[in-house]
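Given below, in the form of structure tokens, are the structures.
Consider the two complexes below, in which subunit A is the common component and subunit B and subunit C are the respective partners.
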Partner chain A sequence: MQRNLLRNWSLFLGAAVLTLPLTSWAQLTHFDIDSRMNAESHIGNITGHAKDAKGDYRRYCVVCHGELGDGNGESFPWVDPKPRNFQLGVFKCRSTPTGTLPTDEDLFDTIARGLDRSNMPQWSTFTKQQRADLVAWVKHFSPRWTNEKPGAPITIPPEPEVTPERIKAGREVYARVQCWKCHGVLGQADGPSAATLTDDLGRPIAPYNFHEGARPKCGDTDKDIYRIFMTGLDGTPMPSFADNIKPDEAWDLVFYLRTLMSQKSKEKAMARQLGLKPVDPNAPAGQQ
Partner chain B sequence: MRQYSYAVVLSTVVLLCCGALLLNQNVSAAGEGKITGTVKLDGAAPHMKGIDMSKDPYCSKAHASDPGHLETYVVGASGGLANVVLYLDGYSGNPVASTAVPVFDQKNCMYVPHVLALDTTQTFKVVTSDQTAHNIHPLPNPMVNVGWNQSQPPGAPPVEKSWKNPEMIPVQCNIHPWMHGWFVVVKGPYATTDDSGNYTINNVAPGSYTVTAWQEAAGTQTQKVTVAAGGAASANFTFKAK
Partner chain C sequence: MHVSTRSRMRKAFCVAPSLFSLAAILFSLVLGCSQPAKALPAFARKYGLRCSACHESWPMLNYFGQKFKDNGYQLMNDRDAPIWQNPGYWPVTFRITPIWHRVSTGRNLVDTYSSVGGVSTITGAAIQRITKSGFDLSGLDFHTGGTLEKNFSFYVLPSSDNTASFHFETVMARLDNLFGSPWLNVKLGKFELDNLLSEKRILTLTGNGGIYQLYHFIPQGDGNIYGQMGDNQLGLEVMGHSWDDRTRYSASLLSSNNGQPGLMQGNAYTGFFAASQAFDTGKAGVQRVGFYAMVGEAPTAFLTSGGASSYIAGSGFGNKSFHREGFVGQFYLGQHVDFQVVTQHGWDNAWFGQGYGDLIDGSAANNNTAGTTLPVGARAPTWNGVLVEPHYVYSPQLIFIGRFETIRMSQQANGPASANPSASNFGNISTYTVGYRYNPFMTSRAGFAWHNEYNWLHQDGTGPTLGLNSTNVNTSELLLGFDFDF
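== the complex of A and B ==
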């Protein structure tokens, strides 16, 4: 009887805690977070269990992401970009549309890949099972995974052959949707709006510099680059262009972006042969 | 057995018809009243800082004869305060959102309107009238509503969205950092003050309510009113600039 009473009390308390965030940016408590300890992840035929990741999280992750997954670990003051707040369920690297939760695979890949130009290293030394468990652990911090389903991954058509025409068409897209406003006409992160960009929490943030040779944040395959501008990097100023770039044009843009990167590529060689000039922000629409 | 299922179908149809009739009556506002009033700002209108749009020639050209300025307080001739949202605190009736789809425009590198009030789940449309690229980036509390960030280059198709839960959601354009507006999501009937500070909340069922007036910088004020069947209650507010 007494145990029953206790359980009822804890249910009541749980409900109270869950309604708290609706009225303010209140922090989630241990109590609420622990209630989702049975969270799971599914990657291929591997099932990750949150409770199995507790040890790894405390050993490798907690120093930045914090005990409560709020990104407020001991190292918080010293790292920039700031560690992700898992309680909000907002992630940059997704295969899903802007405003939706990422898939388990997205988080699984991010852990192994790490995030370039941040303090998040590559955790490729973990076994797949460990990573799957950590994905479940990351999910258990946010109530969003209880209330929402991950978005449906965007459809990416097969990659076409690179041609000079496609590179030129990609340059038109770069001009039309005005990537240069932030990334600059040469992709050197010096567009007119670059200096004033802030992330969702109002902290200064720099656009990606294609010229610098750094790996793109969410992977460096052509498909990864395609995904970045068609899903947007949630939590940052980088929007989704899914409504304004057609799938075929998106490949053209990927090829053009390759010409802005410092790494050698066949796209870069073609651009040199074409004598491609940077886009002209003052040119009338469609007349690059 | 077959007769039984006919009976079920028939009664469902009858029920649906009755429901539709009832619903229809609600919409046609039999006996519903309204709340009207004026919202004013006490004292002189605060100075609104000018905006330097020189980084985007399109924007500065659009404002060549009418320099842009912040819209934190928009005060009319006789002290009327615009962009104040009025709604019924703790409203528990049916949603009253009409089928109208409010439009949030990006025009001359400003948001028109600066404040867009919405009922929960009411669909709204974000459009652009500009020949420069914007990104429309609402910043809700992720624990309350789900945010998103979409580009709108010149000629972009409208973005259609809605919000699930009541919240005052700031919206910004990262490309033009001065562009700042609000989606004010409330439950039930609402109104936004016009340039003279006047408002009318329509479709209010008879009863006692707490009217809340929200201004983005000055905060909120409340007043208790009673709406009689088919009548009009009045609630005037005066804010002090903060």
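== the complex of A and C ==
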């Protein structure tokens, strides 16, 4: 009987040991993430605490971003673009140079602004404290914030007066840095490379369609648009052009992009007066 | 004895691992079956959000849900237009609740019998409490709503009572964000008034506790049924709000017919106005305070044909006025506790106080035709009330609800100079409700809540007297049910 007893216990313990690895990955990830539960964010004079955002995250965010912040929530199969994987610590909308972490304010603004052309709504109903707590919560998913500091926000020079010459110069920039290859000559997201684009995780991704009327993902002011092509959208094929475009040229490009957008603007009116034609991909450099 | 004990111990040791394993398996199953809250059917299927994103506890809206509603059931992104949905998507949800219900009503006048010559004969009357209980059903609601196109929204709600007799509870179309501004939205049809504490999204289900008494209060004997803020009304609403919904206003022009279609009354209209402002209070959350006012008039006389009681529908005249106004507060103490508060001051013209007005249900006993005068001592009925509803939200899946309401007459229709003056507390109401709703699961396809609720209501002086001193009526209700939607 004693041998039977011993055998039963051994079987039980053996089964327990064999079962352990099945749950270990999720558990280890949990432990790893939980160890960063003291993450904080600093927005002005507000300090956000990750632990205070747990309830809001579960109520509002977990359906897409998942319990572990890996973007694998229950809506993952149904939404496109796919939810952000916070564990990677890579973000599109930043004020910081490409490859660097965003500032707390960048994440804070993204939560309130939402991301057009995605399932991320505008969470503008939160209090500032709630948003700051959620920023800290987002940060606690990735070890990058433990090991790195956010990049320094890029400097944006004052916006110059828009002129027809600047719009024409912006058109030259659009042709020179080959924006048209993805965004198309009319900005309708139908460039020759558009259909082949994938994000860093290998998932198909469409370029921004200027013509369609949707708000640019990272904000729709001129400064926001300037920032997009000087910082790039990390994790997507949209690179940073900080090394290819001078600040003055970047403003020219902003003005030209306004002419491609469906919304009314003074740039669009000027382009109409100029009789501005789409860029010619076959034209020699500087002869658009 | 010793051997026997050892044998039992061995057996116990042998059985222990099995029991432990069984317990572990059961525990795992319980954990596995306890699913997190997911999305509400009609809109969640469209946007891929959990129901908890918009509802404090379904169906009560939270701040984000209120903003979604104020935007015309839109998240204000490019996914709002139905062109983004699968062609097979139809935004429809039905809701019904099978229940067990116990209702106990005090001070009912009942006949008494006695045997006279072997025959049972009515010999008098007595006051008696009547208690009834049993299994029952709620009515059935078919909710369908959403957008027809970006910034064109709609809501249609055919609703039945528990005998499947249907009516249109809501039918409206709305032009959203006119001129690109959230400050201008226009709604036309039959819709819920812009009550921040929405009765249509009430968390309680009993007969007395499933409504806000304050939204339906009519003084005893009063004929004005048109001031019921809790009933959906026919009309046109202009509303607007700030980008983050912190500031809201609405103004509605309504037909004074209590939402009954068919032009049954006369050419009388009512206005409903509401405005509120929310404040960011850090970790406590967003607090909102506002006011509302309902000001209108309704007919007290109708043309007749073939006799004094043969009213001609739609021929109302002799319009008299009424108004209700009050404050609303939504106060949050962190993520788990909140208080909803509504106050009301109500006033009806003295004609209503004498029972003139209501024609819709055919029970209008009085008709203010030429030559009619008010009786001596008739006054405008006036009252004040307050409603406090605290919630403890343990999680989006479990909420505990409480409510206290009291309404006090400050001026009776039949004053001291009247031939039959009313007691100062005649018709006063006090009621409280407690309950909880537990959602063991919620999927993007369906919702299910185990609902348990108790309500107690006290009204002064409305019971039969029969020579007794007290005519106050106490009613209690207990309800258990499965509240589900798909």
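Methods note: the second predicted complex is superposed on the first by the 260 of 288 C-alpha atoms of A that agree within 3 Å, B and C clash if a C-alpha of one lies under 4 Å from a C-alpha of the other, contacts with A are read in each partner's own complex, and residues count from 1 in each chain.
One rule holds in what follows: contacts are C-beta pairs under 8 Å (C-beta built on N, C-alpha and C of every residue); 3 or more make two chains touch, one makes a residue touch a chain.
The structure displayed is predicted, hence computed values, not measured ones.
Engineer: Just checking: does A:Val63 make contact with subunit B only, subunit C only, both, or neither of them? Give me first, second, both or neither.
Structural biologist: In the superposition, A:Val63 contacts subunit C only.
Engineer: So, A:Arg117: does it touch subunit B (first), subunit C (second), both, or neither?
Structural biologist: The answer is second: A:Arg117 touches subunit C but not subunit B.
Engineer: For A:Gln288 in the superposed arrangement: first (subunit B), second (subunit C), both or neither?
Structural biologist: Neither partner.
Engineer: I'd like to know which partner A:Thr125 touches here: subunit B for first, subunit C for second, both or neither.
Structural biologist: After superposition on chain A, A:Thr125 lies in contact with subunit C alone.
Engineer: Just subunit B (first), just subunit C (second), both, or neither: which does A:Arg176 touch?
Structural biologist: A:Arg176: touches subunit B, not subunit C.
Engineer: Is A:Gln188 contacted by the first partner subunit B, the second partner subunit C, both or neither?
Structural biologist: neither
Engineer: In the complex, go through subunit B and note every residue touching subunit A.
Structural biologist: Residue list for subunit B touching subunit A: 55-57, 131-133, 135-137, 139, 141-144, 146-154, 156-157, 159, 165, 174-177.
Engineer: Within the complex, which stretch of subunit C touches subunit A?
Structural biologist: So the residues of subunit C touching subunit A come out as 10, 13-14, 17-18, 20-21, 36-39, 47-50, 52-53, 63-64, 67, 75-79, 243-245, 280-283, 285-286, 335, 395-396, 444.
Engineer: Under the definition above, what is the set of subunit A residues touching subunit B in their complex?
Structural biologist: Listed in rising order, the residues are 21-22, 25-26, 87-90, 98-100, 143-144, 148, 176-178, 181-182, 192-193, 196-198, 200, 232, 234, 236-244, 282, 285.
Engineer: Within their complex, state which residues of subunit A touch subunit C.
Structural biologist: It comes out as residues 1-2, 4-5, 8-9, 11-12, 15, 52, 55-56, 58-60, 62-64, 74-75, 78-79, 112, 114-130, 212, 214.
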